[in-house]
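Look at the two complexes coming up: subunit A is in both, with subunit B in one and subunit C in the other.
Presenting the complex of A and B:
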């Protein structure tokens, strides 16, 4: 035989069983710091400012004024809401990247209620109808790919992706149907004078309601995933479908039920955006949150509590980077570049949490046995 | 009467970016990598070509430009840009075994950011009134047609009215299809995408194939961005103009059931669906046009469901699509 002499590679990669949580977070923190350094270098090359100044600007962009802080928390709550929505699906390895479409449809349902029923019903009756229809619309949009998946094992990543664009065009269609004034191609603020269907403001703060709703949802989702039978079933299906079938879990039922829930929560996010803050609908109202939510959820290891931090991180950077863009008169897309770089680092660092590299040692034989 | 002679050429020019994108993505997916970063890669391919062409146009007066450089410089820049994106994706998913969906989405964010940022900065540099950069000198070279094409009436219009990159796209699609289907390299590539463990056991270098297919796939996809700017858009770059064509290219991969040769007619069909709303008389009902724009996605979804219903083995996604391979995991 040719390879009589066993070649020993310089290093090889071993899967880690368990890593203490503080070590894992230390690695992630190191990655973020490394990413920030790279980002600072990039910004320095493009603007010639010193990095400390850049970080101060980022911080100012996020927390500079009370208004900016509120906007930060508003963005955080909506992003977190969509992330919460996609998480149960991800836990069972159902890659729902259709959060965007489900959010849009939920928002569309809310807008439809506001426009069509705004002058017929009082807020007391209108708002419950809006809530129900948004949730139902989102749930239906989410369950369609789930039905295909359950019945024929249709690839859900691609199916949910297509559903996004179908939703976008549906919204575009209704925007033109309802446009005010005719020919403008947009709806404008709905029910500006009567404020019919506007969700109530708590304590005079426009964004407080959204923040509270999402905070409650976060806790509920945490409990649902970790302490209920449903949550347990989702985890089993995610680990191994075969095991799930063996222990008598109806996998199809779990898939459909979970996607109903997933879509419903996206519907709520749409409702909060349309009814709570924007009071209008556009095709870009979701601001690609459906995609960002995938990253938020994955970075947090599908844990709702950690997701508060990961979504905060992304929103913070986004707000900060757009402040850099304005202050140093760079293009707005600069924030996308910075976000991209930071994501690459965080995605990459997971490797060092899940695997360890062991280098070749002198007593190579023992090492091989050990592995 | 439906004006076919003007419809077909417009459908074809719409289809070429999609064809490049889907051809590259098919090659990538055959290795088991689901690269959702294709929209970003195509943006990067486009903007890198624009940067190359911009620098060349600035350096050399229009009269002294040589066709070799006018085409070669943007082409090389574009290939290099999309290669780098492909390498980032591979390094994260193959070497570091990161989740492919997340990495792909990050690449898309990053790539679109790069495109719009450098696009916007170049626009600022040129101090133009409109938010776009016009590279008309370069466009002339990219859109050059055969000299006698105009004299051939409808035949010339339908078959010969395109720049060289359109024909290149079709040739590349057929070559890719041939390589995947008929050659040893293609067989091994498919083995890696279907079942990397078996491929590894058979002595195929899984990582090398994944890197190779994904990087070449990215470069092909990036050309789609280049074609869009230089030929379709007449050398005019404006931010976000490329739109969601990248996602449509991914849809096309499913629509063609992972066959680049089917991609040629399918992309023309998609191109046709994409612009159909311009040709269907809807009268005053502008809103209906928006519903027509839904068609490509709706058709893709239906095809996706139908192929999974029929469950034919030839028309399934690669078995290991979207999964990272780790040799020591059992």
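Presenting the complex of A and C:
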């Protein structure tokens, strides 16, 4: 009996003890490095270029010129803004994937003000009206699914998703109504000569205002979620609706209030895009940030400060990947492939942070043979 | 040991979950044809140890020998192949299928499925061991005890020789427990090996041949049941001598606090859960509520706390001066704000009373976060309260900032009860306050409840352990299928009488 061969499994999965933060970050760093290596191999196989060259290209795509750097931060701030918007809803386990639509509607409201009131009001009156209407439009778009959820417990994921399509179609409709010149199917730059409703530039920099607004929002959101009674209620509702009811939190009220906030911030993102940088509106002005924001928020574990890093990472990779596609004359899908590879590694590494794999120990079997 | 054959030998078994060591180098022998009681306090690692035998978990270290041969059990299927089967606390049955269908579910026998043949085999098994089971009956029509029978027959049908039962009596009435024990003895006599996981000493003494004790994940010792006594076992269990008696001070100046009249409640599916329930709870008194689980206890407490929609009837609260205040129609917050303090320890502690992912201090905040006009949270007071409760109730935790879900059941319960009592309630509602708690923690909780009673609080205590209810309560209300089966005096009531009332309204004769 003592000599019998017993086959222990080669490895088994064990839940980790609380791992120290530096180890967790080491694992994440390793994942990014592994991702970059795989990306380099793929690119090399397809283009025959030197991997170092490829990384330099990625970096150049993000920071190559002052303009590229500004664009990077602009993209970062809008993505972060939408991520900040969806985060309170996510903390409440309300899966708001309607950020895209809420942003579009906010932008549409800003554009409408610019077009309809641009020649009637001075900027001093017009811009506050734009701010209010964008925020209100986003909030309304966010609160509709929340009302349905609160009253009839409908599925918020489906409802917010469908609201995106409605928003897109509404924007498409108004583009035709307001198109310039007629028949072009485009609005073009609004109030190009008067610059009515254009948000002010700070220090002559086109993007600085957006960056400052989002930085302030990030801090406010962090405080709101972690230090206020509202933020606490959101967490309790998210963790356990039953417990929330038991301590007398009015769950429906919290859901509606939080989605008003979530939609309102998406509205601000729309305002910044339309009034601050693009001065026009298209159906794709959001560039799917409403969906990318879901990832930003999740990767950062719903912490607004971490979200700065995760949104930076995604924007950096995106800009770098599209630069590779341009420089090595590959099409846009190639940069999507690279982004996909990188995300796969980043998301996958969370498994290794939560679990460890312990392999069969050699000799361990010999421990007890005298039974 | 007397020439007995070890069916199972576990050697040096270690299992950790994160920071918690559930089992630490455990040695355990289980002999063929015996009933072994695996005794241990909550969190002592009994269930974890058995889960490794039944393939739910895989040990970090150690070896398992079945009938002398070393085996590796990676999955429940491996366990079955070795003749090991386990019955968990939560039954794993498909409600809409019949007993026979559940029993063959997942079996990959060759040929066509012949339910009649299956039923015949099941009937044979039942006759052999003395089960009472109709193979054609649907699970949703069954009582808890019948479902348990299905689980046991399922294992026997699959040829299990070693049966592990995890706290099998927790959901049974005294009469059903007797029946279960008789069947288990028959199975032992037929050569099966049986392990029951329990923390109830009287069951160990009544049923088992041998008892093995775990404490804090370690094996403490084993002995023949006939050579042990309750005091000795308790000492081994807890690690130091404890006195096992519950005080029952006389109620002082009882006054009507809560009056329930003709209360009827339907659940979401429209099923009548409470049917014309009337009673009163008095200050300085413990009103015990007995009943098989699911007989309306939950709905009753939730109705008083304002968490349950009421179909008809009234619930009246009387304040210090005897002024009545109707509670129905008020939400939980209004009930609190009116000065009606209902401290409600829900049945499902983590699911309803606490937030598992929050730390102890944040859980204290659940009750107090609204205080003050500032939009910001006051974290200081809850933090202080958390510290006080940890100290006063001897909560075993790495710190105040530990997430509640990482605490063991007993400590979770202490946190919850401690918080509710800190509200200085006038009426304390508790459900299963000691469910799954070890002896030490249970007595701490009984003490706390008694102290509240002496302060003049009206306590409504829903319990599942009849012995404790009979020792603790001043009066006992027995629920049966949502009806009041009777209200008896806690000091003179007999266990058997209450047991009968639990199964039949009024406790009328059950044929004996």
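Going forward, the second predicted complex is superposed on the first by the 338 of 371 C-alpha atoms of A that agree within 3 Å, B and C clash if a C-alpha of one lies under 4 Å from a C-alpha of the other, contacts with A are read in each partner's own complex, and residues count from 1 in each chain.
The rule is simple: a contact is a pair of C-beta atoms (placed from the backbone, for glycine too) under 8 Å apart; a residue touches a chain by one contact, two chains touch by 3 or more.
Since the structure is predicted, the reported quantities are computational estimates derived from the model, not experimental observations.
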Which of subunit B and subunit C A:201 touches, first, second, both or neither: neither
First (subunit B), second (subunit C), both or neither touched by A:291: first
Contacts of A:15 with subunit B and subunit C, given as first, second, both or neither: both
Touching partner for A:184 - first (subunit B), second (subunit C), both, neither: neither
Subunit B versus subunit C as contact partner of A:173, first or second or both or neither: first
More subunit A residues in contact [subunit B versus subunit C]: B
Touched partner set for A:358, first subunit B, second subunit C, both or neither: second
Partner chain in contact with A:232 - subunit B first, subunit C second, else both or neither: second
Which superposed partner A:247 touches (first subunit B, second subunit C, both, neither): second
Residues of subunit A at both interfaces, subunit B in one complex, subunit C in the other: 14-15, 371
Partner subunit A, residues of subunit C touching it in the complex: 9, 11-12, 16-19, 58, 60-61, 63, 65, 68-72, 74, 305, 307, 331-333, 336, 344, 346, 348, 351-358, 362, 365-367, 369-370, 375-377
For the subunit B and subunit A complex, residues of the former touching the latter: 34, 36, 88, 91-92, 96-99, 101-103, 105-117, 119-121, 124, 239, 244, 247, 250-251, 254, 286-288, 290-291, 293-294, 297-298, 300-301, 304-305, 308-309, 311, 317, 321-322, 326, 328-329
Contact footprint of subunit C on subunit A as seen in their complex: 1, 4, 6-9, 12, 14-18, 227-233, 235-236, 239-240, 242-243, 245-248, 250, 358, 364-365, 367-368, 371
For the subunit A and subunit B complex, residues of the former touching the latter: 13-15, 95, 97, 148, 152-155, 157-159, 161-163, 165-166, 169-170, 172-177, 288, 291-292, 294-295, 298-299, 330-337, 339-341, 343-344, 347-348, 350-351, 354-355, 371
